[in-house]
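Chains: A, B and C, in written order; residue numbering restarts at 1 for each.
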Amino acid sequence: MKQKSGFIDTAMFYLLIPMVFAALYFVFIWSPVEKFMGAPQKIFYFHVSCAWVAFLAFFTVGYYSVRTLIKPNIKFHIHAGISAEIGVLFTTITLLTGMIWGKSSWNTWWTWEPRLATTLILWFIYVAYLFVRRMEGSWEKIAKLSAVFGIIGVINVPIVFMAIRWWNTKLHPVVFGDGKNQDGGGIEPPMLFTLLFCIFTITLLYAYLMRKGIEIEKMRHAVKKAKNKAINRLAG
Amino acid sequence: MKELVHMLELKNLTKILGDKVILRNVSLSLDRGESLAVVGPNGAGKSTFFKCTVGLLRPTSGEVYLDGELISKNSMSVKQKIGFLGHESYLYSTLTPLENLKFYGKLYKIKEADKKSAELLKEVGLHLFRDMPVRSFSRGMVQRLSIARVLLAEPEILMLDEPHTGLDVEAAYLLNRILKEKQRRGTAILMISHDFEQVQELADRVAVLSKGKIADTMAIRQGSNLEALKEWYEKAVKGA
Amino acid sequence: MKAIISDAWTIAGKDLGNEWKNKQTIGMMVIFSSLVILVFSFAFDPTNNMVKAVIPGLIWLITIFSGLLGLNRSFLSEQENDSITGLRSAPIDPSSIYLGKVMANCTMVAAVQIISIPVLFLLFDYRFMGEFLWFLLVLAAGTLGFIIVGTFLAALAVNAKNSEMLLPVLLLPLLSPLMIAAVQATRIILENADIQDAMSWIQLMAAYDLLFLAACFFLFEFIMEGS
């Protein structure tokens, strides 16, 4: 069992290295430069992929939260926690790349564009979720409480998106589209390919980080257990 | 048929909290009108044992039957039958004794809660203080009031977590009298205690809980020796 | 279901009766919301006409800030003498504890609003011209949603040692859609614009209230279970 999971990790690692370089090549050299926005548009590939993973990670948290509530199991609890930690990372990258892109194309660091604003709220929910996990107490109790919060958070995300979009359209009728690249009319096939390739690579990266994170967390638990045992033995 | 059903029955109760095994394979039974005392050193899992029995905690494995009914969460009919006197008083310190009892009376759906509360307050000797907020009470008075709270619902089984702490001799005597009266009427009593004198006074049977296991049980006959009980306890704890 | 509501009434009645006797939490909430208004009138000059535009936002700010104080108390007060365990071992459905707390908190926040919103209008010299009934409806829908989620998270946060700090961090991001809707709807009504424009916001608030009431109602027993 141990050997097998080690093999999967190694395989993923060696698959990821060429893929990341290939993605970089596709983004910066192979794909054409966008006519209106120029070279800064390249950040869009990473922006969209990271945003996708950020939301994916959050729904993973929701999924494992539901499973934790149905049957408390430390495995699900760990999965949800690691996914949230990685999610914070990708949400932060999404926000940063979004801001850089915003600066270059609309000359402003921040717009209340619904997707970007939802990402910001998502970031806060993630952080709140991690705070819940930092509570003191047995893991069963924390697992239950954090799972409950995770579920409520996941329910909230679509509503946030909807509310911000309505709010936005009421304020400024035309919103400069982002994300799916609706602004350019059609998307050129090489661009679409590059985008899909990027999304795939970053999703794979997420999966790899997830596996590694879970492994580390499990080790941490094993060490803690051993420590407790040793202390108990010393205490008599 | 009814006679065969124990008031309380624990079957292979195991509770794991975090990485620690608190209870392992605890099995016990208790009949109507019987009183069982659980004694044991600190950290033996007595409180966890109680919480599992009351249904506040879900055991990791094993079952608890009360009056033939499996205790799962939210079984209201089961909770109605249990009178649980915990470590804390569960009283609202800003309310008066009477208001506290009335509040719990409403939750337990007791008819004529007002009259009954007044009677109980008299019984535990607190009716002079019934309009004072609980905040100003001494530990012993709070303990008397929480005993009144437990008795209010006329439970079929009393679960008492160290009921004698903080009581003076007089109050302890009063409590023992009330408990014996209840027991005579068929109420089952399960209690945790440190106090061997009271255990000897009240219990029909004693079980020693040590390191999460029932180490030994013994029946107590009237007039048995306190020293012998202590000696037996030491031995059981060491043996576990 | 009937039993749940009557038990919830008992619990809410206990909380409100207690509050009626010492009036501490409500008093604090009223004073605090007045202070927030005061600080805001220093921050934005009330004589400036532009400031009228922030009134809808201010109504919700004072509601949330003062409401947070009450929410923090509502489960902390049950921790004294561990009376929450007393409630848990009573023959009642755990959801009725939640409902009872929602009722009590809602009443308290509404009572604070009755005082603080007129004070806000008074200090900012604001003449109310919108439709009063619609204003009340929006206020009720927004406050209810705030209390529904807030009470739930207060029960969750009370397990932490620093629950007073944790609650706002948990609550505010989840409230964001509700607050957008509430502020927009209030603005439309106060500006006496077409009610039709506010309709979609009111619907959004109603949907939010119902969805979270249902979710919190069912998830609450997991919070109460403990371990």
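Points to keep in mind about this one:
By our rule, contacts are C-beta pairs under 8 Å (C-beta built on N, C-alpha and C of every residue); 3 or more make two chains touch, one makes a residue touch a chain.
Quick caveat: nothing in here was measured; it's all calculated off a predicted structure.
Contacts with subunit B and subunit C are shared by A.
The interface with the greater number of C-beta contacts, when A-B is set against A-C, is A-C. Central chain assignment: C. Criterion: smallest distance from chain C-alpha mean to the mean of all protein C-alpha atoms. Ranked by distance of CA centroids from subunit A, the top chain is B.
Taking each chain's centre as the mean of its C-alpha atoms, subunit B lies 40 Å from subunit C.
Measuring from the averaged C-alpha position of subunit A to that of subunit B gives a distance of 50 Å.
Taking each chain's centre as the mean of its C-alpha atoms, subunit A lies 32 Å from subunit C. Multi-chain contact residues of subunit A (touching two or more other chains): 138, 140.
The residues of subunit B that reach two or more other chains are 17, listed in rising order.
Taken residue by residue, subunit C touches two or more other chains at 225-227, whereas all remaining positions touch fewer. Residues 17, 54-58, 73-74, 76-77, 79-80, 82, 84, 86-95, 99, 103-104, 106-109, 149 of subunit B are the ones that touch subunit C when the two sit in their complex.
Listed in rising order, the residues of subunit C touching subunit A in the complex are 149, 152-153, 156, 159-161, 166, 169-170, 172-174, 176-178, 180-181, 184, 197, 200-201, 204, 207-208, 211-212, 215-216, 219, 222-223, 225-227. Interface residues of subunit A, counted against subunit C in their complex, comprise 69, 121, 124-125, 127-128, 131-132, 135-138, 140-141, 144-145, 147-149, 151-153, 155-156, 159-160, 162-164, 166-167, 170.
On the side of subunit A, the complex with subunit B involves touching residues 138-140, 224-225, 228.
Remark: subunit C residues 7, 10-11, 14, 17-18, 21-22, 80-83, 85-94, 221, 225-227 touch subunit B in the complex.
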